[in-house]
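The same chain A turns up in both complexes below, where it pairs with chain B and then with chain C.
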Partner chain A sequence: MQVKSLIHANFITRILFKEFIISMTVLSIIQAFFLSLMLPSIAISLRPYSYHIHFSPSPKLLAPVISITSYIYGIIAVIAAAQIASEIERGDAALYLSFPISRLSYIFSWIIAAIVFPSVMYFLSLSIPLLIIEPKLLFGIGGEELLLIVLQVSTSAIISFLAAIILKRRAFALAVGMFEYIILPFIFTFIIALLSSYLSYTGQSFTSSNIWWFAILYPYNYYLFFDYLGVKWFEAACVNIPFLLFILAFLIIYTKRYFEAG
Partner chain B sequence: MLREIGLFIMIALFSTSAVLLYLPKINPFSTSCSMDWIRLEESWILVEGVIVTNDLKLDITIDAKMWFNIHGGNVSVEKVYIYIIPEEAYKKKYKLLKTLDKNEVKRTLESIAIKYAEMEREYLSSWQTEVSDIRLEAPLVFTAFIEGDFKNYLNQSRTSSPVPPAIFFTPDFCVSVKAKANIGLAQLSRMLDIAVIGTIAFIIGDLKSENSWFRKLFSKLRILKSKQAQAE
Partner chain C sequence: MDALSFVDVSKKFGNKYALKNVTFSIPRGATAGLLGPNGAGKTTSIKIAVGILKRTSGEVKILNLDPWANEEEARQKIGVLHEKPIYPLGVRVIDLLNHLARLKGVNRRDVKMVLDLTGLKEYANARIRMLSRGFVQRLGLAQALLGDPEILLLDEPTANLDPIARIEILNLINNLRKELSLTIIISSHIIPELQKVCNYAVFIGNGKILDYGPMGELASRYQVGTIFKVYALQPRRVAASIIEEEYVESIEIHESFLKVRIKAGYSKNLENKVIESGAEKIELLTANLEEIYKKAVAYAS
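Here is the complex of A and B:
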């Protein structure tokens, strides 16, 4: 199954090759540029001598870069994931499935091409400038941010993918993916603001235990926004990963039992 | 797929290299101020230093702008000197500086400083100076030595009144640093390592691929050669 999935994934990446190359170039240039802009302020620290505070880099060092480029990465992943629906719409999927490739292999090949591949692209476009400038920036500081953004975008892409194979319409899958990745975070933030106001009105304290559910879909945003509540990166990952595995399992079960290409 | 990954590595490397070549021209700045002193005497003050450190293994040169302002009255400042001292040397002499007299303090600072200068008066109560192209390998301490008349302030602060004087004086010594990160051998060698990894991934991936670009290129070259041979 794995070999067939890989062969078909190879075929899909070849179809999307131009788009991937353009996206990779844009991502790399933007990330390298922003990193180099931030570099002096990362490298240099100034303080009055008597303060005796030692350098402790911010755990959200890459936030200015990631908050810009993660949108490009997220949109690429969502669009690529929704692409399977256009294959089903055109009837190409039925043609591929008439070859000796199982439905599961077919879906896995799309997961590799539309979710794993953009994630590898994003990881490389950010990690290569970091590795060249100073490996400490990747292994010591920015690794957790990179992991969380990959988890967040993978969740959105799998939701878009699930919508594509259930609804079998590319436009619907794109709408679901974009809604989940771009609009829903604003709605959630609004709900959290209301919740925070309500809690302060009733005299209760607003803690991270009130909003952990935000990390189910948006682990990186949760980690970034609620730092002041003492949120840790592994808490965000621990909330998101079971959900990610659940939707993957659902995708596999749905594909095995109900997926029809025609 | 390995071919595409190899290609992505090379694209990322190329983009990073293009930006890194531009890097020495980019220099945002950061500022820190010290509002305390090590010594406060009738005719001079030694201001608490501002320490600048390089927290990454990067070759960094800095341009620093320093300024000194007087807040409060009853004091007059004649001259302000700045000293840029390696932190190690500053730490060693720190206790000693608290016991020496004016001339000895000046001499000690001059002996350990990598650079020192007199600040220029900008306005009535403001002095400033700039230094450029200082290599920031070890942490550096920027400090100021001020000559003037601080008797009134000393007399005020020595009074046993529980209420602090209405007009008080604080030295406001600020350092603003513009950093330039230079690309050194370490970065170049890492670039080379990544280029080698990317190229190997690209070549292996391409040769394994069904529609190998290399194989296509070689077959085209072969056709060209055979055509040339036929023409000859």
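Here is the complex of A and C:
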């Protein structure tokens, strides 16, 4: 199964996803450009909003750069995930599924092409410039922010993916994905603001335990926004990973039992 | 063993039945026509047979495999040309075929072979968007033939083609039928096209099977005239012996065989008579499919 998933993922990426590859390359160039602007005084870790100076007296805005590029990377992954719906809608899926590739392998090939490949590209686009600029900086990152970014984007992309294979309409899948990735965080933030006001009105203290649910869908944002409450990166990951595994399991079961490409 | 069998198969889309209690079988080696009007359930039947649609109830076997549960194994043995197939237009013909060949686990020699067989060799490096409709359909046949399939399922292979491309594709199917020993199942609503290539028919209408069977059997069931091919060393002598028979409508004499058209229900009489007169072999060439279909529809309604 895995071999055929890889073969087809490679085909999707190489031939069908030219625009997508171009977007990721442009994103990498933007990222490398911003990082190179920070030379020679780049000297911060990626810990959001708390720039620990390692070896320079003039910290630069590395974390916001990563926030912006990770946001774009997320949008690209959500759009790519929704793309499978147009393949089902148009009928290309029927062509590939008339060959000895299982429905599950076919779905996994799209997951690899739309989520795994972009994540690897994003990681490399960040780590290679950092390695060139200052290897210490890369080792200083520790990987936790990158892990949370990848988890958050994967969650959104898989939700978009699930919508695509259930609804079989690209526009609907894209609407679900974009709502989840762009609009819902604002709604959640608004709810958290209301909650915080209510708690302070009733004299209770506002702590991270009141808002842990935010990390189910948005572990990176949770870590980024509520760092001041002392939230730890692994708390965010521990809340998100079970949910991610749950929707992945749901995707597998749905595909095996009900997914039709006609 | 049957190449394809449907037993009491139903398929619902929402509250509407696309197929209702469909039962039919197609034996190995047959060239079968799945005949019915638009919306009869032909495409749904083919998609269920390939395992890309799930039946709501019933049992489907393709080469003794359940195409939904054993999808990879079943699809390894079949080749499919879908109705109005969609291909990635920016991809070169050769790249698409190489990729599909890899999915089927066959090598590039097989790709070359199907390019030769379908007359696409010169267009191997062309992008799919540059191909005419006729050549896109050839590409459809080429991909369906990859990996030596045991069954070829062709869904409306001549749909949306101009008359010349239509003739080319039909000739190509006829050649494939002669050259390769495989079961071919062709879904169509165009009777004269099926008449040219089929020796077995399945009639479908409104998601139900009206009748099915070998052409000869259907012809005698519905009392429709048939044409036989009679092989003989001295065709003229055999022709002279049967020309007076009242059931013989016409005789066409060729160098080593005769084409005899007879009235319905006299197959046995003809067979006995020509063997007596020294014929070597007699085989059913065809029966009037349109007539059989009309009678089957009338009988079912």
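Here are some notes:
Here, the second predicted complex is superposed on the first by the 231 of 262 C-alpha atoms of A that agree within 3 Å, B and C clash if a C-alpha of one lies under 4 Å from a C-alpha of the other, contacts with A are read in each partner's own complex, and residues count from 1 in each chain.
Here is the rule we go by: a residue touches a chain if its C-beta (ideal position, glycine included) is under 8 Å from a C-beta of that chain, and two chains touch if they have at least 3 such contacts.
Here the structure is a predicted model, which is why all the values come from computation and not from measurement.
In the superposed model, A:9 lies in contact with chain B only, and not with chain C. In the superposition on chain A, no contact is made by A:171 with either chain B or chain C.
In the superposed model, A:24 makes contact with chain B only, not with chain C.
In the superposition on chain A, A:253 contacts neither chain B nor chain C. Once chain A of one complex is fitted onto chain A of the other, the partner contacts of A:191 are absent, as it touches neither chain B nor chain C. With both complexes superposed, B is the one of chain B and chain C in contact with more chain A residues.
When the two complexes are overlaid on their common chain A, residue A:241 makes contact with neither chain B nor chain C. Touch criterion met: A:92 reaches chain C, while chain B stays clear of it.
Shared interface residues of chain A (contacting chain B in one complex, chain C in the other): none.
Every residue of chain C that touches chain A in the complex is listed here, in rising order: 44, 47, 50-54, 71-73, 75-76, 78-80, 82, 84-88, 90-91, 95, 99-100, 102-105, 143-144. Within the complex, the chain B residues that touch chain A are 1, 4-5, 7-9, 11-16, 18-20, 22-23, 26-36, 48-58, 60, 62, 90, 136, 141, 143, 175, 177-181, 187, 190-191, 194, 209, 211. Against chain B, the residues of chain A that register as touching in their complex are 6, 9-10, 13-14, 17, 20-21, 24-25, 28-29, 32-33, 35-37, 39-50, 55, 57, 112, 117, 120-121, 124-125, 128-129, 131-137.
Across the complex, chain C is touched by residues 4, 7-8, 11, 15-16, 18, 90-103, 258, 260-262 of chain A.
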